[in-house]
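In this document, chain identifiers A, B, C and D correspond to the written order of the chains, with residue numbering beginning at 1 in each.
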Amino acid sequence: MEVVEVHPAPLQYAYTFGGVAPLRTVRPGQALRLWSEDAFGGGLRTTADVTSNTPPAPGLNPQTGPFLVEGARPGDVLALHLVSLEPARDTGVSSLVPFFGGLTGTDTTALLTPPLPERTWVYHLDSARRTLAVELTSGAFSVELPLEPMLGTVGVAPAAGEVRTSLVPGVFGGNLDTPQMRAGTTCYLRVNVEGALFSLGDGHYRQGEGETCGTAVEGAMTTTVLVDLVEAGELRTTTGAPASAPATPRLEDDEHWMTVGTGRPLEDAWRASQVEMVRWLRELYGLDDLDAYQLLSQVGLAPLANVVDPAYAALAKVPKALLPAPASRAFGGVHARLREAARTLR
Amino acid sequence: MEVVEVHPAPLQYAYTFGGVAPLRTVRPGQALRLWSEDAFGGGLRTTADVTSNTPPAPGLNPQTGPFLVEGARPGDVLALHLVSLEPARDTGVSSLVPFFGGLTGTDTTALLTPPLPERTWVYHLDSARRTLAVELTSGAFSVELPLEPMLGTVGVAPAAGEVRTSLVPGVFGGNLDTPQMRAGTTCYLRVNVEGALFSLGDGHYRQGEGETCGTAVEGAMTTTVLVDLVEAGELRTTTGAPASAPATPRLEDDEHWMTVGTGRPLEDAWRASQVEMVRWLRELYGLDDLDAYQLLSQVGLAPLANVVDPAYAALAKVPKALLPAPASRAFGGVHARLREAARTLR
Amino acid sequence: MEVVEVHPAPLQYAYTFGGVAPLRTVRPGQALRLWSEDAFGGGLRTTADVTSNTPPAPGLNPQTGPFLVEGARPGDVLALHLVSLEPARDTGVSSLVPFFGGLTGTDTTALLTPPLPERTWVYHLDSARRTLAVELTSGAFSVELPLEPMLGTVGVAPAAGEVRTSLVPGVFGGNLDTPQMRAGTTCYLRVNVEGALFSLGDGHYRQGEGETCGTAVEGAMTTTVLVDLVEAGELRTTTGAPASAPATPRLEDDEHWMTVGTGRPLEDAWRASQVEMVRWLRELYGLDDLDAYQLLSQVGLAPLANVVDPAYAALAKVPKALLPAPASRAFGGVHARLREAARTLR
Amino acid sequence: MEVVEVHPAPLQYAYTFGGVAPLRTVRPGQALRLWSEDAFGGGLRTTADVTSNTPPAPGLNPQTGPFLVEGARPGDVLALHLVSLEPARDTGVSSLVPFFGGLTGTDTTALLTPPLPERTWVYHLDSARRTLAVELTSGAFSVELPLEPMLGTVGVAPAAGEVRTSLVPGVFGGNLDTPQMRAGTTCYLRVNVEGALFSLGDGHYRQGEGETCGTAVEGAMTTTVLVDLVEAGELRTTTGAPASAPATPRLEDDEHWMTVGTGRPLEDAWRASQVEMVRWLRELYGLDDLDAYQLLSQVGLAPLANVVDPAYAALAKVPKALLPAPASRAFGGVHARLREAARTLR
C-alpha cells in the first residue's frame, strides 16, 4: 500500500480545529505518514528552557493537517486507525507552565495564589531499549520509564461553524490527551463538515492518566494512520436498525470498546462517556437502556484522560473479553479490517 | 446625534461570534438602533408552538451584527452603552426545550432520564402599563409581571482565531444571560481582533436570575446602543500605572461595578468574576490583592446570570455607594460620558 | 412576653450539630435572647492576631445551644423568627485563614500552591451611626460600611444519626452563611430528632454574598429569637392537601420567600434551592411542576450565600410583590404571627 | 494464628462511622473473620424485589463493627490487610434505586425529571468456576462475569466528633466503593479517636469503576482481615524525617501504591488523590513537590471508584514496577509483613 508522507513546513501548522484550509486531500482507505511537531512548537530542548523564556511561535499544540477526506459528509463516521507512532526526536520534554495543570490555579479555575515555579524535565530516548531516562534539574533521582507513544490530539472540524483551539477537547475530538490514543487503536469521529477536515498532533512519548502537571513527555512524532469512512446510511445496530454517528469520540482496539466524554465539571465528562457507552452497548447487543446501564456498571473501567485542559476528558472502557461476541461488529467491522491492512504497512 | 438604524434581513443574522463577515462598519462615538429577532428565530408564537414542531431556521439565538468598529485593535476595550431596549413585538415566549434547562439532563450533563415535557408560555405585553400577562396552557393561574427588558447576548469575536456559537458565553461575552445587561448599563469587552466585530441579540422582556428553565421571556427587541472605544495605551489604574484590558466582561451602571465570570462548574464562573473584581478594585483604589479580596468579601453581591447554557455565568457586583469615589473613574469615565450622550437620544 | 436569656459559659459551646446534650429546654412560642461567641472563639482582637498565632480553643464556630424544643418530632417544621441581632462587642474581625477561602487552594480543593499570606482586618463599630470602620494593616485605604448583622449558622440535629461540624451547611441548616439570616427573617427547618435540638452562632456584623475570602466581619452577637413549631399533621398546600416538611432550609421575610440549597459543585447547591422553590410555589399556588418551573424562571433572584465552606450554599429568592397573594399563607401564616409577636419584644 | 470470628446478630449492625459503641475490642496483629450483610440488608433476593417494595430494615449499608483497636490513638495509622473475601451467599443483586445512580437526578443533583424505572438483576454464583451468571428480567441477554470480590466500605470514626452515614466516603474511609479494596490490599487510615473504631461491609461480588448505576453486584461477604497499627511516632519518610498520618486513605498491594481522594465535584476528589500521592512519592523518594508532581504526571493511573455516592471517590495509582525500590518501604514495610502473615491464614 502506498503511504502518503506529510512533513509540514514551519508555517503550515494548524492551531485550531475548523477555520483552516485543507493541507491536502485524502481518500478513504489511504495510508498517511505524518510528522508532527511537539506541543511547545519545538521550543523547549533543555532543562533551562521554560515557556516564559522560550515563547513558542506562533502557538501551542501545532496540528498536522487538516486533511480533507473525499466523500465525507456530515453524519458520516470518520475512522482513523493508528498503525504506528514513532518518536521523531531523541528527547521529549515536560514543563510546568504558569497557571496550567491540575494542582494549581489556572485560567479556568481562577485564584489569587501565585503560579507554581516553572521547571522543565528532559527525557532522553533510548530507541533500542525503548525507554526514557528522565533528567531532573536537581539530579536527585533517576528513573527510566518505558516508551509508550500516544497522540494528545486527534480531531475534526466542529459542528455549527465553530472553530476551537487545539488546546481544548470536545465532541469533535481535539485535545483529548488519553494514553489510549496509541498504535493499534481506531478512533471514530462524527463528520461535521464536508470533507471532515481532520488533523492530529501533540505527540506524547508517554503520559500518566489525568496528565496531572499539565504536560506529558511531549515530543515530535511520526504517525502512520489509515483513513476510512463509514457513511451515515451504512450505520446499523446489531439488529439491523439504522443508527446514527457517535455523539462523542469512540475508540476501539483489539481488547476494548471505549468512549471519550469531555466537559466540566469532571463528572459531566464522565457522564458523557457513560451515556455514550450505554448507547454503544445497546447498539452492539440489542439491550434496552437499563440493561445496558447495568452491564456497564459491572464491567466498565473508567480511566481518566486529562483533568488539566480547558475541558476535561474521561473514558468508559469495556473489555471485550468479558462479553460474548456481538452478532455484528462495531461499525461493520472496520477496526478489524484496518488492523489487517495495517500489517502490510509496518 | 445621528442614529444608524439596522434591521437585518432574514438571512443576514449571525449565529456565531467570530467567523462572520461584518454587517456594517461603525465609528467610536456612534449610536446604533438595532432590531434583533428572538432566540427562537421568531418561530414560536402560540402556546401550541414548541421547538420540536416549529424548527427555527437556520439556528437558535440569531445575532444582529457583527459590526466592525473603526480603529479597534486587539488589547483595546470596546465600550457598549445600552441606551434603551424596547420590545419589538407585543408578545414574548418562553418554552421548555427538550434536554435544555437547569433542572433536567442536558447535552452537557448527559443522563438516561427522558426529557421533561415540552410546553410554551406566551406573555402578552401591555405597553402602556409595561407589564407582561402570562398565558398558561392550563389556565390555572394568572399573573402580570413587570416588563424589564434586557439582552441575553452581547459579544465580540473571540481570541486565538476561535469561533463560538451564540449559545455559549465566554470571556468574549456572548450568551451571558444576565438581567444586568439592560438600559443604562455600559458593557466593557476586550477587543481580540481588528475591528472588534461585536454583535448582539437574544432580547428578553424579563428573566429571573439563573434563567432556570433555560429560556427567558424571549422577544424581538429594538436596542439603542452607543459605541465607544478605550485604546490599550489609555488604560490606567487610579495611580496612573498602565493597565490592561479586562480578562472577562465588565459592566457598569450608575450604581454598580460588575464583572461577569463564565465557565463550569459554577464555582469556576464565580471565581472568574471574583478574581476580576479583585483586580478592578485594585485598579480603582490602589489596593493590594489581599485588601481588595477583603473589601469584596464584605461588600460584594453575587447574583447569578445563567446556570443553563453550555457555560454558566455569574456576577460580582459592587455597589458604588458603599465605597468612597475612586480618585479616577473606571476607563477614564467613559460610562458617565456615554450616559450623558444617551440623554440626547431618548 | 418573657424572654429567656442564655449566655453560655466558655466550656458550654457546641461545635457540632447533633451529638451534643441539650443546653436547655424551650417551648414553642417562647422567646430567647442568646449570646454567641464569634467564629474565632474570640481569639482574634487586633490586626496582629491571626489564626496560626492565636489558636481558638477548643474549636471554630462555637454554637449557642442546642435547645430541645418541647413536643418537636421528626417531620415537624421548626420555625425560628429572628427578632433582632445586636453586636455584643465593639469590634468585629475578618481574617485570611491558610488554605481557606474561595480564591485559594483549600482542604476540599487540594492544590500544590502555598497558602495566601495571613492577614487580619479589624472593624470598629460605631453603634450610634451603625457603621463599621475598617482598620487595614497597610493603612492605605479607609471606608465605613453599614452595620448589617446576620447569623452565619442556624441549624438542627441532622437525620440518620449523623453529627456534623458547625463549619458545614446542609439540609439541617448549619453554616449557611447567607446575609438573609437577619432580623425580620423566619427560618424553617425540618425536625429530624425528638426535640429538634437547634443551635445558632457565627454572628457576622456584615458579609458580602459568597463570603469570598472565607470570613465575614465576625463578631459576638446578641440574638433575640422566637421559637415556634408547625406539626407534621398541620402541613398543608394551598388546596388543603397534606404536605411534608421542607427538604432543605426555607426562609421568609415580609418581602420574600427563599430556599437555601447546599452542596458541591455550586450548581448542585443552586439546583437544590431551585427544586425546593418549585415545590414551594406548587404548594402556595396549586401549580404543576412545569408552571412553577416557568414562574420561578422569570421572577426568581439567585443570590449566593457562601462559596467557601466545605459545602456551598445558594438561595432561590422570590419577591412576594411580583405574585398575587396565595390563597393560604406559607406554613399557616406563622411568619406573620411571629412578626407580630416580635413587636412586643423590641 | 487464631482468627476471631464475628457474625453480627440482625440488630448488631452499625449504620454510621462514629457514634456507635464498639462491638468488640481487638489487638494489633490480630486476624478477624467477619460476616457482613449486603447493602440492601438482605432484602432483595429475586428480580421482583426492588427497594420500594422491600424496605431494608433498619437502614442501607449495614456495617460489621465497629472494632476498638487496643492502643490506637489519634494520629496513628491503622493498617487493615484484606486476606480474603468470599461470598457468603450464592446470589448477589444489583438494583436501580429511585433517584440514585450516576445517570439520573439524585438527592444531591436535584432535578425535576422523574426517577428511572426500578429494576433488579440477580447474579448467580458458580463457586467452582468463580463466575456470576446474570439473570435479566427481559431474558434478552446472558453473560457470565468473573467473580471479583471487594468491599465497598471500610472506615474509622471521623475526626472532630463527626458521625457520618455508611453511604458517604470521606477522609475517614467509608463508602469508597473502589474495586481495589480486595484480597491482597492493605488499607491505611488515619486514626481519629482512641481505639480507631473501624468497621467494614458493603460486599460486592464485582463492580465496574464508577459504579455507574449506583449499585454493584451486592452480596453478603466473609472477610478475613489482619489488623495492625503504626504509631504516630514511628512514621518516617525515606530520609528518616518524621512524617504524619495520611490525610486521606492510602492503599497498597504487591504491585501498586494507591491514594483515594473523596469529594465533589469529581475533580476535587481527583485533586485530593493526586496531592496525597505527590506527598507519598516525596516521602518514599525524598523528592521535592515539583519532581514528585512530574513523576506522578508520567506514571500515574487514575481509575475512578464511585461517581454515585453523596461524595465521589477517585484513585491515584502508581505501579511499583515503573520506579526503583524506595530506600525504605512505606509505613516500615507493614504491607509485606501482613502479606506474609496472611499466608498462614488461607
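We adopt the following convention: a contact is a pair of C-beta atoms (placed from the backbone, for glycine too) under 8 Å apart; a residue touches a chain by one contact, two chains touch by 3 or more.
In UniProt terms the chains read A, B, C, D = Acetamidase.
None of the values given here were measured: they were computed from a predicted structure.
Colleague: Specify the chain most distant from subunit B (Acetamidase) by Cα centroid.
Modeller: D
Colleague: I want to compare two interfaces, B-C and A-B. Which one has more contacting C-beta pairs?
Modeller: The greater number of contacts lies at B-C.
Colleague: Taking each chain's centre as the mean position of its Cα atoms, how many Å separate subunit A (Acetamidase) from subunit C (Acetamidase)?
Modeller: Chain centroid spacing, subunit A (Acetamidase) to subunit C (Acetamidase), equals 48 Å.
Colleague: Could you give the separation in Å between the centres of subunit A (Acetamidase) and subunit B (Acetamidase), each centre being the mean of its C-alpha atoms?
Modeller: 35
Colleague: Return the distance between the CA-based centres of subunit B (Acetamidase) and subunit C (Acetamidase), expressed in whole Å.
Modeller: 32
Colleague: Of all residues in subunit C (Acetamidase), which are in touch with two or more distinct other chains?
Modeller: 103, 110-112, 116, 264-265, 271, 274-275, 278, 290, 293 - these are the residues of subunit C (Acetamidase) that touch more than one other chain.
Colleague: Across the complex, what residues on subunit A (Acetamidase) touch subunit D (Acetamidase)?
Modeller: 94, 96, 101-103, 116-117, 119, 121, 134, 136, 138, 140-141, 143, 145-146, 206-217, 264-267, 270-271, 274-275, 278, 285-288, 290-291, 293-304, 307, 312, 314, 322-324
Colleague: Flag every residue of subunit B (Acetamidase) that touches subunit A (Acetamidase) in the complex, lowest number first.
Modeller: Per the stated touch rule, the residues are 15-16, 18-19, 59, 108-112, 160-165, 261, 263-265, 268, 271-272, 274-276, 278, 289-290, 293.
Colleague: Flag every residue of subunit A (Acetamidase) that touches subunit C (Acetamidase) in the complex, lowest number first.
Modeller: Within the complex, subunit A (Acetamidase) contacts subunit C (Acetamidase) at residues 103-105, 110-116, 265.
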